[in-house]
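The two complexes that follow have chain A in common; it is paired with chain B in the first and with chain C in the second.
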Partner chain A sequence: MAGHAGFVEADNAEAIITRIEHKSRKIESLLKQYKPVEALKTALEGSPPKTRDERCKSANWIVVHRAIMAIKDVEGMFSSLDPEYYDILMKYLYRGLSTGDRPTCDQCLRIHEKLTERAGLGCILRSLSDTVNTV
Partner chain B sequence: MSAIAVHQFAQCITCHAWSPDHSMIAFCPNNNEVHIHKLVEDKWERIHVLQKHDQIVSGIDWSIRSNRIVTVSHDRNSYVWNKEGADWMPTLVILRLNRAALCVQWSPRENKFAVGSGAKTVCICYYEQDNNWWVSKLIRKRHDSSVTSVAWHPNNILLATTSTDGKCRVFSTFIKGVDTRGSGTSSAGDTKFGEQIVQLDLSFCWAFGVKWSPSGKTLAYVGHNSMIYFVDEVGPAPSAQTVAFRDLPLRDVLFVSERMVIGVGFDCNPMVFAADERGLWSFLRFLGERKISSSGAKYGSQFSEAFGKLYGQSKHGISNDIGEASRSRGGIHENCINCIVPVKKEGQSTNTRFSTSGLDGKVVTWDLENQGDLSEYL
Partner chain C sequence: ANTLRLYLTCIRNTLEAAMCLQNFPCQEVERHNKPEVELKTSPELLLNPVLICRNEAEKCLIETSINSLRISLKVKQTDELENILTKKFLRFLSMRAEAFQVLRRKPVQGYDISFLITNYHCEEMQKQKLIDFIVQFMEDIDKEISELKLSVNTRGRLVATEFLKQFI
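Right after this comes the complex of A and B.
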């Protein structure tokens, strides 16, 4: 998704982990500056990691989860989040819902409602039907 | 209003085709029969029932010049029907398939037809004069899953297919003795039968409904992920555009001009896609009228609608004849549209008419003339 500079080899799990760690630090600093939307964009960039390695996927999910949970004003988020992020955000919302964790599900459902209003059922279909680029 | 005729022929229609002069329509009412209706004094009357297949008829095509009907069915067979006197006489075409046939189309010169099947193969059938027999030649081992749609390039040689493995492929169907060298474009003239020209790997899920533009320059197909794909320069270095839209996925597409495509599918309402001056494709609008409501309310009503359908199915009786104002979704079709066919006379350059049919059993004819905002794309 959203043009990340470094395309990563599928087997290069260590490099991906390093990149996710770097992303995580960047997100923390953005959250400290009260820029939750910027943090979410950073988290979604280069996602999903182009690998089948579950460890990388989990690491990336933790980072995205952190950014999703920091969103307080959902309407406000959508006024500055570009449509190119919608499809990948939907995928992570479903991953959040699959955890079954109460606060995560609450937050994901709240965003899901607004995202569906904006991006339509097509967005949900894309996240359900893509079995290759799973998050 | 762009819909000029609405007719309820059956409870459900799997596919339909028009006679060359459009006075007759052939359709399959979701069983093993093909019904032919004729317009007699403003009323459609059933004049023929073609009964030969054992299972659901999945594809019908009616050739314009030779006035022949080809049908394919889940029973793995195909028939070519010739009009002899007052009756339609079937000729069995043995496809040599071990799974259902799913779609069929006559080639532009009408000397071949292509059948897509669930057996991961495409059959190219042609007539052998000496034996008075239709022969089926198979393109094997190219598809990893069922072939959902086939489309002929105007040069009568290239064939595009879509498959549930998510890929769109283009093949050469050159058959010695049927096609002549140099009959197609220079690039297609020296290819062997079954040679794969290109494989487009754009979709990650089922692909449906492939079509060429009238000139054969552009190819369009749809994915089950609410995306439509446009491919230019089909060959070694194709250039592709993908357009994601916000509604339910499409099942079939039709080029009305080089710059406009109509898509039909699960949203029950034809969608218009158009290319701007730079050749960039985008979703323009829905063709039918649509209730304008806030999206939140819309999803709520869809849920209750679905429940209503679940518990009140009995009210879906056969209500014949025209003009029943649709209640459910503000469109003319009330269920998934799975077939779109041009209503075109031979030798006509621009074609603004087409018809759609779907699971609600209606056949709707549309005309894009007098659609002010669309005229620039025709």
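Right after this comes the complex of A and C.
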């Protein structure tokens, strides 16, 4: 079972990275059209939670980071973002907060406050306790 | 100042969510009860550690486990003098960790000060008050260090003036 999973991962790593590159092109075009919320949704959607490959996670993080930094209106974003994305967004926010880079941390702190108001402490706890699907 | 407020709110929310501790006797050794976050022997008892950075200099690491929670802080130090003052001041506090109960005697590697909160603390004291204490501590530490720096500079200036008067 573990061997099978390892085999699947090695194969899929390349496929996933190609998918992430496609996604990043789509997101760039969405950002040019001033649609940061759609860009964020696209970035969060195809998140590959089951891989343990660091490259896939880093590649996906770069894409999500781009989308997060492009958001100017946090309140407006939450009115159009579906609740199913809250958990995965919270995980990426914590990843952003751990980078230590000042503009990223500023933006992530702003979004974190509003997201906690919206989604509650359960969202934070789910991102803390989920050791299987990490970002 | 606004980022400070956001930073503290983020830490407060994370602590409120993470401070869900219960008694859990040691799995390996009979009749022992150890804070699992310090030992890290069993991965199923640990949650993901969370690092919250305000900027390049200040950060806060929160590690939780089933019966204990460890919070490590790195305080902003802009110059050499603040470096020395912070180290001495926080060492002064850490040495009196008994009185604080939730303070750890040695900070975690890479940080200035650490707190260890166990389920026993949560049973004796209120969770909200513990969180208020930690956040208040973070606010006050900055003020304390600036006050210390100011008093060191003032005293240095006074002493130097007095000493050099004899040469006039």
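We take it that the second predicted complex is superposed on the first by the 122 of 135 C-alpha atoms of A that agree within 3 Å, B and C clash if a C-alpha of one lies under 4 Å from a C-alpha of the other, contacts with A are read in each partner's own complex, and residues count from 1 in each chain.
As a working rule, a residue touches a chain if its C-beta (ideal position, glycine included) is under 8 Å from a C-beta of that chain, and two chains touch if they have at least 3 such contacts.
Every value quoted in this text rests on a predicted model; they were computed, and no experiment measured them.
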{"item": "Partner chain in contact with A:132 - chain B first, chain C second, else both or neither", "value": "first"}
{"item": "Touching partner for A:43 - first (chain B), second (chain C), both, neither", "value": "neither"}
{"item": "Which of chain B and chain C A:87 touches, first, second, both or neither", "value": "first"}
{"item": "Per-residue contact with chain A, leading partner among chain C and chain B", "value": "C"}
{"item": "Which of chain B and chain C A:119 touches, first, second, both or neither", "value": "first"}
{"item": "Contacts of A:97 with chain B and chain C, given as first, second, both or neither", "value": "second"}
{"item": "A:105 touches, of chain B and chain C: first, second, both or neither?", "value": "second"}
{"item": "Interface residues of chain A shared between complexes with chain B and chain C", "value": "113, 116, 121-122, 125, 129-131"}
{"item": "Touching residues (chain side chain B, partner chain A) in the complex", "value": "204-206, 223-227, 244-249, 295-296, 299"}
{"item": "Chain A contact footprint on chain C (complex, rising order)", "value": "3, 6-7, 9-10, 13-14, 16-18, 20, 43, 46-48, 50-56, 59, 64"}
{"item": "Chain A residues within the chain C interface of the complex", "value": "94, 97-102, 105-106, 109-110, 112-113, 116, 121-122, 124-125, 127-131, 134"}
{"item": "Of all residues in chain A, those that touch chain B in their complex", "value": "87, 113, 116-117, 119-123, 125-126, 129-133"}
